[in-house]
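Letters A, B, C and D mark the chains in the order given here, with residues in each chain numbered from 1 onward.
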Amino acid sequence: MIAQTPPMGWNSWDCYGAAVTEDIVRKNADYMAKNLKPFGWEYIVVDIQWYQPTAVNHAYIPFAELTMDEFGRLQPAPERFPSAADGQGFKPLAEYIHSLGLKFGIHIMRGLPRMAAHRHLPIAGGDFRCDEAANPNSVCAWNPDMYGTFADKPAARAWYDSIFRQYAEWGVDYVKCDDIAREYPHCKREIEVISEACRGCGREIVLSLSPGPAPLEQAEHLKRYANLWRITDDFWDDWKLLKGMFERAEKWCIHAAPGHWPDADMLPIGALRQCENPSEWTHFSMPELRTMMTLWCVMRSPLMIGAEMTKLDPASLALLTNADVLALLWGTSGAHPLTTTDEESVWVTRSTETNALYVALFNLSDSPKTVSVDGYSLQCDTHEAKELWSGRQEVFSDRLGV
Amino acid sequence: MIAQTPPMGWNSWDCYGAAVTEDIVRKNADYMAKNLKPFGWEYIVVDIQWYQPTAVNHAYIPFAELTMDEFGRLQPAPERFPSAADGQGFKPLAEYIHSLGLKFGIHIMRGLPRMAAHRHLPIAGGDFRCDEAANPNSVCAWNPDMYGTFADKPAARAWYDSIFRQYAEWGVDYVKCDDIAREYPHCKREIEVISEACRGCGREIVLSLSPGPAPLEQAEHLKRYANLWRITDDFWDDWKLLKGMFERAEKWCIHAAPGHWPDADMLPIGALRQCENPSEWTHFSMPELRTMMTLWCVMRSPLMIGAEMTKLDPASLALLTNADVLALLWGTSGAHPLTTTDEESVWVTRSTETNALYVALFNLSDSPKTVSVDGYSLQCDTHEAKELWSGRQEVFSDRLGV
Amino acid sequence: MIAQTPPMGWNSWDCYGAAVTEDIVRKNADYMAKNLKPFGWEYIVVDIQWYQPTAVNHAYIPFAELTMDEFGRLQPAPERFPSAADGQGFKPLAEYIHSLGLKFGIHIMRGLPRMAAHRHLPIAGGDFRCDEAANPNSVCAWNPDMYGTFADKPAARAWYDSIFRQYAEWGVDYVKCDDIAREYPHCKREIEVISEACRGCGREIVLSLSPGPAPLEQAEHLKRYANLWRITDDFWDDWKLLKGMFERAEKWCIHAAPGHWPDADMLPIGALRQCENPSEWTHFSMPELRTMMTLWCVMRSPLMIGAEMTKLDPASLALLTNADVLALLWGTSGAHPLTTTDEESVWVTRSTETNALYVALFNLSDSPKTVSVDGYSLQCDTHEAKELWSGRQEVFSDRLGV
Amino acid sequence: MIAQTPPMGWNSWDCYGAAVTEDIVRKNADYMAKNLKPFGWEYIVVDIQWYQPTAVNHAYIPFAELTMDEFGRLQPAPERFPSAADGQGFKPLAEYIHSLGLKFGIHIMRGLPRMAAHRHLPIAGGDFRCDEAANPNSVCAWNPDMYGTFADKPAARAWYDSIFRQYAEWGVDYVKCDDIAREYPHCKREIEVISEACRGCGREIVLSLSPGPAPLEQAEHLKRYANLWRITDDFWDDWKLLKGMFERAEKWCIHAAPGHWPDADMLPIGALRQCENPSEWTHFSMPELRTMMTLWCVMRSPLMIGAEMTKLDPASLALLTNADVLALLWGTSGAHPLTTTDEESVWVTRSTETNALYVALFNLSDSPKTVSVDGYSLQCDTHEAKELWSGRQEVFSDRLGV
C-alpha cells in the first residue's frame, strides 16, 4: 500500500526550476541518503521539463524542441541527463537512486506534446495516433508544451497507458502530474484516466496532482483518484503565503488519511533559485520556518524539501530531522484547529498509539506574543508537556502556552 | 463553566409550536426527571411566543397584543402560564424545574417588542427609552413581534441588560436567541452585545443562537460569543434534511469543543405537532432515527428532544437512553468524516480517556447495503469492536462493516 | 391623456426635506405662476412626511406620531398645513394651486402607517382592517413610518383604493410613490395594485415611482404601470452623480415616450437645503447646470426644480426658461447618444415636426475642451446650426463643435 | 469612407461551411451581379478555412495541414481555389468579382497558424519570427488552426501588417475576423492591433468582428476599432434565436451609425447546408423570414445572405429585393423599440430625409394576432400609412395595426 503516511522527499523545482541536471540530482540523492534518510526522507523528484534541452531557469521557452521518442513520449534530454542517452530514459538514474535506498519521482504535464499531435505520431502499443488523443483546444495556461486529451476517447487512455508503462519500466515510484488539480470540472475525467493508467501500470507509483488550489468540494473525488493533491497555488518563502496556509489547512484537515493527503506544497528552506543566483537563500526567518514545519507536520502534509540540500546549514538540517516533530506525520490522527484568528492559531491532534495530545501554538501576528490555551478547552487533565522543538519538559498550571 | 459538553434537553417547538402551556411544560419536566435525567438530559426549554396570549399552533399572528411589563419586557402570558400572574414571570416555573434537578431555558427573539418602541416605554434600570434602542428598519423576516436594535447605541446595551437581569432573577439557565445566527453581517455587533449582557447578568446562562445556517466563515466569532449556534435552518423529520446534515456536519465538525458547539437542531422524534393533530408521530423510520442519533452524537451536537415526551414509546426511549452512544458527547474529540459520498458516510472519533476509536458507518442510499471500512484507513490494528446500538462484541478481519 | 410630455414642476425635497410648510408651498406656487408657467412649468409637489408634525429637516424621526384619520389615512399635519385643519386635508391647498392655473402633487410612501396596523384601524369604505393589509415583515430600509402590504390580498387593494379616492377628492394631480421603483421583484405586484387604484380613482393622476435605480429589465412593466420612474438614487449637486447620469441615460433613452418617462430626478439648482442653512446654494457651477439641463431635456426626463424658487437669480431662471431648449421635451423623439467616452458625449435627436436634427455636445472631462462631431456621423448634409443656449446661428464646415 | 451604411452581401458559411470552392463562389457572384446588385447587394465573402485542402462541411479537422506560404501566411488551397495556384492567392478571384461590379471579402481567424510558430517561420517584411508573435496559451475554443498573439509585442503588429498587406494586394474589400468579438477583455488589445493593421494596409477594407455576443459595455471600443461586430452567437433558422434577437437589438440599437454597425448575423434564407444535404432548405417559414428581414432592416444590421443564391425561389428573392424595406438601411436613424413583450414588439424609426415615420409591428407569439399601436404613442397626427411588404396604402383611425 502506497502513501500510507505523507510522502517525504526532495523536489528540484524550488532550487533549479525547469533546469535541473542529472549531476545535481545525484548529489542531492547522495546527501539525502547520508543525512536525511534515517528520519524518513526517501523521495527524489525531478520536476518539470526534464525533456527540454535548453531550459536554463524557472521560465518556459515557447515552441522549444522537446526530446521525445517515435511514439511522442517525452524523454530526458541527454544534454542534461547523460545517462538517458540511447533511449535509456530515466532507468539508469532511477537505479542509482534505488541503490541508495531511496525512491525516484518525476514531474509530468497532463496531456501529450503538441508536436506529437501535429506530427500525427503513433501511440506506443496500440492502434491510435497522438492526434486522435489530443484536444487542440485544451492547453495549459502557463506552460506551452502540451495539449490536453479528449479523456473519454480510447486514444487518450492508450496514451496514458503508454507513458505509465514506460515510467514503470524506468522504475519511477512517484509521479507529480501538473496542470490538473485545480482544473475541475473540465479535467475531472482526465484525472480518472490518469489514475487508472497509473494504478494499472504494473508498479506502485504514488500519484500527486498539481497545481492548487484543488476545489474543496471535490475532496472525495481527489481522495479516490489521487494520493496527494495541492491545496494552494505554488508556495514560496513569503509570510503572506504561509499565514494564508492556516485557512487552507483548516478547510482540508479532515481529509488527511492513509492513502490520500492534502498537500501544502514544497518547503522553501535553505538555498533556493540557484539558476538565477547561486547565493540565493530562503527569505523565511527561522521562526517562520519553524511555523511552517509545525503546521505541515501537524496537518500531515507531504513534505518536499526545496533546498539545494548540499548547502543546508545545521539549523535548517535540524528543522528537518527532529524525530519528535516528524512523528506527527506517522502516528497521529484527527488534527484540527481549536481556534484561528488573525493573531494566533491553536491546533490539536492525538497519537493513535499512546493517546498523547499534541498541541501546536502559532503566533500569526507581526510581533512577539505568548499564545496559550487552557486545559479545559483541550479536554485534558494533565499538567505536564514536552516542547518538541526544544525537547524541554514543562509543567503548566492553568494555561499551556509558548 | 457552562456548556462544557453539548447541552441535552427538551424544547417545546416541535410538539407545540408557539402554543405550549405551563401544564405541558411541567408534565414533560416530570417525565424527564423520572426517565431521562439519569442519562444526562437536563434542560427544559420553552420555545417562542410564551408572551402571546392567543397563540394556538406553529403560526404567528401579526399585530397580536403581547404581554409585557411597563418597561417593555415580555412576560409569560398568564392565560397560558398561570404561575406567571401578578408579575411573577417565569420564576415559579423555573423553581419547580430546579426542584426536579433540571435546568430551565427560554426562547427569545433579538430586539424589543415593536409596541414598546411605538409607546416610547422606558428601559428598566436606566435612562433610556425603548424607541431609542429600536431600529425601525430592522425586522425579522418571519416573525412580526420585534424590532432589532441599533446595537452600537448605549440604549441597546441597556435594553439587553434589562432583560437578562430579569432572566437571571427568574432563574433561567439557557437562552435560545432567535433571528440572529444567520443574520451576518448586519447582526454581528448585536450578537456581541447580547453575549455581553448574558455573561454579565449575574447567572450562568447558556447562550444558543438561531436560526441557521450560521455562516462558516464566522466560526471564530460564534465560538467567542455563543455557546451553541445552529448550522441549519429548522430541522424536521424529512430524510432529505437528514441526509443534507452530513455535509453541514463535515463543514463544522472541527469547531466543536468545550464551551462552543455547532448545533444540528432538534431531534424530531416521537409525538410531534400536537396542536395541529394530537396523533401526529414523527415521519422518521427507526433506521432514520438511529442515523440521526448517531450523527448528532458523533459530531457532538447539542441534543434537544422534540417529542411530547409523555407519549414516548419504548423504542424511541431506548434511542435516547443508550449510555454507550451518549458517551460520545462527553468523552471524545477530533470527530470527522473519513469519507462521505452520495451513498455512504464513515465518521471516526476517539475517546479522550481510553484512546478507543469510534467508527460510525452510515448508509445514505435509498436501499439496504453494507457499509464498511478497512483497518488500514482507520490506522488501527485491533480486530475487535463493539456495535454500540446492539451492544454486540464483534471480531472482524479485513474490514469493519455494518 | 396624462404625461403626454415629460412633467415639469417644482418639488419641495431639495430645499425643505421633510419639513416644508403650506406658506412656503404657496409662495413657490405664486412664483411659478408668475415666472415659469409660460414656459410649461405646472406641477407643485409636496414631498415626504407632510403628515409628520415635528419634522424639521431632511431627517426622519423614528416612532414619531403621524397625523392620520380614523381609517389610518395620513393627513397633512395642521401644525404645518393650517388649511388642512378640521379634516380638510389638501383640498384647500390644491384649490389654491389650481386657481393659479397650476397642478398639485404629493409624495406618498408605499404601504400604510405602522400604527394604523397596530391599532387595527378599519379601512375606509370597505370590510377590511389595516392589520389585514399590512405586511409586518416589509419595511422601508430608510424611512420608519410604514408597513408594506400583502399586495395580493383584497385588503391591500381596498387600502390603496381608500387613499387614492381621498387624493382624488382633494384634487391631487400627481402622486410620487416612494420606496418602490427599485424594489423589484418583491414589490412588483404592489406597483400593479397602486397603479390600478390610481387609474381607478376617478381623477387623472400622474403616477411617479421612486427611488431609483429602477431595474432596466423591468422597463416594460414600468412603462405599463407608471408614468415616470426614477433611473437613479437621489440626484444631488455633485459632478460625479451628473457624470454618472450619462450612462444611465444611455441605457434608458429608448424607453422615453408619451405616457411613460424615465426620470433622472430633480434639478438641484439655486437655493437648496434651506432648513439646514438658509444661505445654501447649489454646488453646481453654471457649466454643470447647463450640462444637466441639456441632458435632461435631450433625453426628455421629467423636470422638477429643487430650488426655493423665490430666491432664483436671473442666470438660473434663464436656464429654466429657454424655450428653444425646453422644446426638446415636447417635439422630439429618438434621442440617443452617438458616442460616450470618459471624456465626452454626443447625443442626437430629431424634431417630430420639422425633421430638424438636434445635437448635444458634452464635455465630460475635468478641463475645457472642444467637443465636435462630423456631418458624416450625423447623416446630415446641412452646414448651418443654431446654438440653443446662446441663440447664435453658426455655419460649420467639416465638424460641428462647441 | 467605408461602411457608411450597413454592408449587404453574401457569405458562404450557411450554405457551404468550411468547404466552399471557387466555382461556387463565382456562380453566386454571377447571380448577385445579375439579380441583386441593383438593390444594393455588393459583397461576396468567402468564409472560414479557405486554406484547408480537405474541409468537406461545417466541421473542423484537428491538426490538418493548412496551405501557407514561407512566411506562415495562409493561402487559398489550390485544391479548392484553382486560380490561387502558383502563389496567386485570392487575386484572380477578387479581380473577377470586381469585374462584376461587386466587392470581395474573406474570413480570417485572429492569430497565426500553429505550425507557423512551431516551425519558427519568419514574418514577411520584418525582422520577426512567427514564434515571437504567437501566444502558445491563447487558442480558440472551437477551431484548432491558430494561436493568438501577444498583441503588445512588435512581432504581433508585424504579423498583422504582413497579412493585411497581402489582403490589400489581393484586392480584398472586407475582412471578417473571427474568435475575437466576444473575447473581451483578453483580446481587447488584439482588436486594436488588427484594426490598425487593417486601416494602415493601403486599401479600404471593412473590418467585421465575430463571433458574438460582443459585450455591450465595450460598445465604444467596438465603434472605434471595427465597422461591424456580432451581437449574437451564430444565428440560424430557429424561431427561438429569432425571437431572442429582439432583446439584443433593443440593447444595441442606439449604437448603429455610419461607420459602425451592430451585426445580427447572417440571413439563413433559401438553400442552406448544401454540403450536408443538397436539398436542405431554411426551416424558417415565410412569416418568420419577413419578421427577420424587417427587424434587420429597421435596426440597420448588416445583411449577409446565407443561401446558395442560384437556388433562390421567387418569394425569397422578393424578400431580398423590396426597395422600400431596404431603404430603411440607408436613410433612417434613431430606430428603437416602443415596446417589446413576450407577445409582440413595436419599433419605430424616422427617415433622415423626409421625416417620414416608420413603424414595425411584430407578432412574437405562437399564434396569429393583430399587433397595433396608437397615434398618441407615435407622437404622430397623420392617419395614412403604407404597408411596405405589400405596398398597400392604408388609412387608420385610432390605432395602426397589422
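By our rule, contacts are C-beta pairs under 8 Å (C-beta built on N, C-alpha and C of every residue); 3 or more make two chains touch, one makes a residue touch a chain.
This is a predicted model, so every value here is computed, not measured.
Student: Report, in whole Å, the distance between the mean C-alpha point of subunit A and the mean C-alpha point of subunit B.
Tutor: 44
Student: Let me have the rounded angstrom distance from the C-alpha centre of subunit A over to the C-alpha centre of subunit D, please.
Tutor: A distance of 51 Å separates the two centres.
Student: Using the average of all C-alpha atoms in each chain as its centre, how far is it in Å between subunit A and subunit C?
Tutor: Comparing mean C-alpha positions, subunit C is 65 Å from subunit A.
Student: I need the residues of subunit B touching at least two other chains; which ones are they?
Tutor: Residues of subunit B touching two or more partner chains: there are none.
Student: By the document's touch definition, which label belongs to this structure's chain graph: line, ring, star, complete, or other?
Tutor: Looks like a ring, each chain touching just two neighbours.
Student: What chain pairs are in touch here?
Tutor: Every pair of chains in contact is listed here: A-B, A-D, B-C, C-D.
Student: In the complex formed with subunit B, which residues of subunit A make contact?
Tutor: Contacts found on subunit A: 1, 4, 220, 223, 250, 253-254, 257-259, 333-341, 348-352, 354-355, 376-377, 379-380.
Student: Which of the residues in subunit C come into contact with subunit B in the complex?
Tutor: For this pair, the touching residues of subunit C are 62-63, 114-115, 117-118, 120, 131, 134, 136-137, 139-142, 144.
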